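One chain, subunit A, appears in both complexes that follow, with subunit B as partner in the first and subunit C in the second.
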Partner chain A sequence: MVKKQQKFILFYINDEKFAMPLLGDSQFISCDKVAILPDVDNRITGLIYHGGNIITVLNTAKFLDIKYNLPDEHNCLLFSFSKDFYGLIVDQGGETIKVNQVFTDRNKKQFKKYIKINKQKVYILETDKIMEDLKIYD
Partner chain B sequence: MKVVETKIYLKFISWFILVSLLPLAILFILIYIFSPQVNLLEDQEVVRAVLIAVFASLAFVFILSLIATRRLSRLITEPIQEAVLDLSKVVENLSKSIENLSDISENNSEISEFLISSSKQQQLGLKSGSVAVAGMVKSLNQIVGKTQSSAKHASDIDKLASQSESKSKLALDSLVSVKNLVTENQKLSQALDAYTKKVKNIAERVAVLADTAKFLSLNASIRANQSSSGDSFAGIVSQIRELNATSEQAAASIQSLVGDMQRQIEQVKESSQSEWEETNKSIKVVSQTIKFLSKIAGGIGIISQSINDINKSTEKTHQESDNIKTMIGNLNKESKSLVKQTDDIAQIIFKQLVVNKSLNKSSTSLNRATSTLNNLVGKQ
Partner chain C sequence: MINNKYKDLYLSTYKSQLKKMADLLLALEKNTKSQNLIENIFRLIHSMKGAAATMGYKKTVHAFHAMENIIDSAYNQSLIIDEEVMDILIGSLEKFKQNIQTIQKTSKEINLQQQTTIFKNIVKKKNTKNKDGKKVIVKREKHILGSLPTVAEISVSIHKLNVIQYLLDDLMISTMENKSVIKKHGNSKMLSNCMRMDEVVNNLRREFEKLRIVPLAQIFSSLPFLVREIAKNEGKEAELIIEDNDLALDKSILDELIEILIQLLKNAVAHGISKDQKNGRINLEARLDGEMMKVIVQDNGQGIDWQKIMDQAVKHRIISKAKAKKLTVKEVKGLIFSPGISSGKSVSISSGRGVGLSLVKDKVAELKGSVEVDSVSKKGTSFTITLPLPLSIFRSIVFSFKEHALAVPLSIVEKIVKLEEVKDFKKSKFFVDNRKKYKLIYLFETLAMPRFDALYKYVLLLKTKEGRVALPLFGKITEQELVNKKMPTILKDKDYIKGVAVSEDGGPVLVIDINNII
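The block that comes next holds the complex of A and B.
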């Protein structure tokens, strides 16, 4: 039986490598001028305009619960979810890879799934999970 | 009757007796010579008569002599007494004069002693004055020598100051040239800074281009994986990656170059700024030095003139001191002659004293003679 290959986009934040499943409209952009929104979840950094779309910029470190100083100039990994565009703040974009197997780390409370690249664990930020945690439409 | 008169009387009487007895004696002698046979002494009567006659004649002579001597003594003693009185007055005056002379001589003696001591002190003073003048002359000679050497040194310093002034002016000109060069250098570094900013801008654009290329590369990779014909994208993605790598390298090189340039330009700017500041400071210092040197040169000129004046004054003083020395020499000679004259005066005074003593003796003798005369004339 041939295993189905899964595609992930790699990115780096705080010198750690993470992966996000390859979705439609995924791309890396530069998101410098973020418009700050009042009275929003602290995981939402603000809004940017790109390619005719309003993009909600998300603070990736807050989701990952890691200490991170937001730089002045940062990049975003865009993805679309329910016809809306979101951007995860990343330090640096990475390659798009194909993997045959996804693992689960049962010791972790969230973002348990990971892939292995050169025998290193690279945890996956699942967009469904992010949107579920964020409850943006509640 | 007084004793003196008595003596005179007795002398006269004795002469009268002798005068009266002498013819008798001569008579008897003639009788004895021419008539030796006549013995007058054999006849008592004759002897008696002779003796009576002799005694009578003697008495007569005695009375006559008394009268004569009384008259004679009156005739003789009165002028003698007057003369003796005059002589006594003269002797008194002489005594007084001798006393006055003695007092004067004593005063003269004191004066001569004072003169001798004064002249000795004067001589000593002149000797010390002469020594002091010699010292003064020596000091003046030394001062003359030192002022001459000082004048020479001042002249040398004046020359050096003039030379240093011209050299300082040259240094100032050089510093002004250096300042101009530094200003040019600053302008150049400013221009380079502007170019660097432009290059930096280009580098930033290249960096943006590199970022874009990087995003392009990443997004191309994403698209390649999204599409079903991903393999056909692989070449393009590879080329884009190469472009990305090249542009990143170019951006990094340009940024490194810009950084180096900027650092060097900053260093050049800082050094040129510090050079400019240092040059400005040096110019100020040199300007002040030139002013000071000008003042020093002026002051040294005045000092030199003053030293020359001092030298002239010292030479004049030297001449005057020579004159003083000559005057002191003359004074010394005069003092010596004064001492000699004082010695002569002292000798004269001594002689005067001797004369006084002899006069005193004479006066005493005269007194004695006067008293003798007084005695003779019967007055005390």
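The block that comes next holds the complex of A and C.
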């Protein structure tokens, strides 16, 4: 049986490598002039304008529950969900890869799924899970 | 072999042609002897038949061919368009609609054999006499295949229009940014060139916007047919009278609006108009009211029994019996939009489950509008939808409130007062300017921000639904042209935010809805 290959886009935050499922509109953009929003989930950094669209910028580190000092200038991994655009704050963009298998780490509480690159575990940030956490549904 | 490459184009053309067909058939129903209408219907069917043949949809071709024969016979006076023929022609539209939906989903056409046979049987009857037994003489106005002036049209997907619009927005924002820099550092020649460029870009954007704007008439045209069908299913008689005042609206908003109107029309026919009513009439009117658009659906039916609505609300535990006795008229009217409440006596195919009006309220709220109901027993019911007109480019007062970039549209700003010396307004509830009293409002609570003692430099005097208000500001303020953008989902529950726009420096700005803050 032929296994279906899955595509991921890699990115780095705090020198750690992560993966996100590759979507048609995934791309890295520079992220400046962030408009801060009042009274929203603290994982939402704000809004930026890019390519004709308003992008909701998400604080990736807070989703991953890691300590992170937000630099003045940062990059975003852009993706769309239910007709809106979102950007995950990242330190650096990486390459896109194809994998045959996705594993599950049962010891982790969230973002349990991972892929293996050179025998190293790279955890996956699933957009559906992020949106579910923010109570945004398709 | 059906060419999938052209399927989208075929479907969009088929849809608009079907809509046009519904218009023409409804017009023909009122004037069955109009040669001009018969000619136009023939042309339309002929064109739809040709397109179906190109795509290889044989069953559709046969059905259109048989339909074309009816119209051809009518043109040649060998067939009279009577009530039965009209019912068959109008009834076939539903079948063709099903066909289009199936092609869209599966690329396969439905079985249209039964419909084709019905068309063929009509022609076989060759009914050339009217009810009085007299032969109908139809005056020929034009030859059926004579040439009518035609306008070349192309179909462009909304996605492609969006891509161009985003590029134009970028161009516009860059031009605004340049203008702002040149104003500060450039010379008059550069500024004059920049102003010229700004004008061209603005004109380009406005002309482009017109492409997205669709006349209400185009979308409303299918509604008389819908009302006719609902009334027929309910065993009632109802006529829809439309007054669109030549208004037009962005296609994406119209698509949402049409769903709301369908629900209200279903309600009007199912619950408003009674079975024994001979003059069942529904008026649909759209008109401008300042910066808002009002859409009114009014029937001349039996009216709403408000006591019954209250009883249902108590039964469904929406309110307690004690509270029901203390409700104001406005609160009673509001109950009709609660889930589970129905203005009808029974559940029918069209409505009556008490879901429709709550959905109407939700959908109107999504469009940042409001809906109100008025009803008089035995005289009728009217629903009034008030929608803000989407302004894509508008002048605003942009100001900072701590770390937030906010704006209010210039259209609601009466005056900007620059205070001679900073004030804290600690003990004031009102601001007085030229003997006019303005109620002071603050943004701290709205923005969920701890209140602090600010020293205010400016006061914006604003016109609102509730009267005059004054908004004191402590940060920098500027007048800017903003480009309106789609509001992100995360802000949709914040009713004090009217929208998100992009400022001259390319950053997003939150446009405040003062009416909802008050």
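In this section, the second predicted complex is superposed on the first by the 135 of 138 C-alpha atoms of A that agree within 3 Å, B and C clash if a C-alpha of one lies under 4 Å from a C-alpha of the other, contacts with A are read in each partner's own complex, and residues count from 1 in each chain.
Please note the rule applied: contacts are C-beta pairs under 8 Å (C-beta built on N, C-alpha and C of every residue); 3 or more make two chains touch, one makes a residue touch a chain.
Just so it is clear, the model here is predicted, and its values are computed rather than measured.
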Query = For the overlay on subunit A, clash or fit between subunit B and subunit C?
reply = fit
Message = One more residue to check, A:125. First (subunit B), second (subunit C), both or neither?
response = neither
Inquiry  = Looking at A:89 after the superposition, I want to know if it touches subunit B, subunit C, both of them or none. Which is it: first, second, both, neither?
reply    = neither
Query = Of the partners subunit B and subunit C, which touch A:33 in the superposed model: first, second, both, neither?
reply = second
Query = Who does A:44 touch here: subunit B (first), subunit C (second), both, or neither?
reply = second
Query = Regarding the shared-chain residue A:134, is it in contact with subunit B (first), subunit C (second), both, or neither?
reply = second
Ask   = Using only C-alpha centres after the superposition, what angle do subunit B and subunit C make about subunit A, to the nearest 10 degrees?
value = 120
Task = Check whether A:53 is in contact with subunit B, with subunit C, with both or with neither, and answer first, second, both or neither.
result = second
Ask   = Which value in Å is the smallest Cα separation between subunit B and subunit C when the structures are fitted on chain A?
value = 17
Query = Can you list the residues on subunit A that touch subunit C in the complex?
reply = 33, 35-41, 44, 46-49, 51-54, 56, 82, 84, 134, 136
Inquiry  = Applying the document's contact rule, which stretches of subunit B touch subunit A when the two form their complex?
reply    = 211, 214-215, 218-219, 221-222, 224-226
Interface residues, subunit C side, partner subunit A - complex = 162-163, 165-167, 169-170, 173, 403-405, 446-449, 485-491, 494, 500, 502, 505-510
Remark   = Counting only contacts in the complex, subunit A reaches subunit B at residues 7, 9, 22, 24, 26-30, 75, 93-96, 98
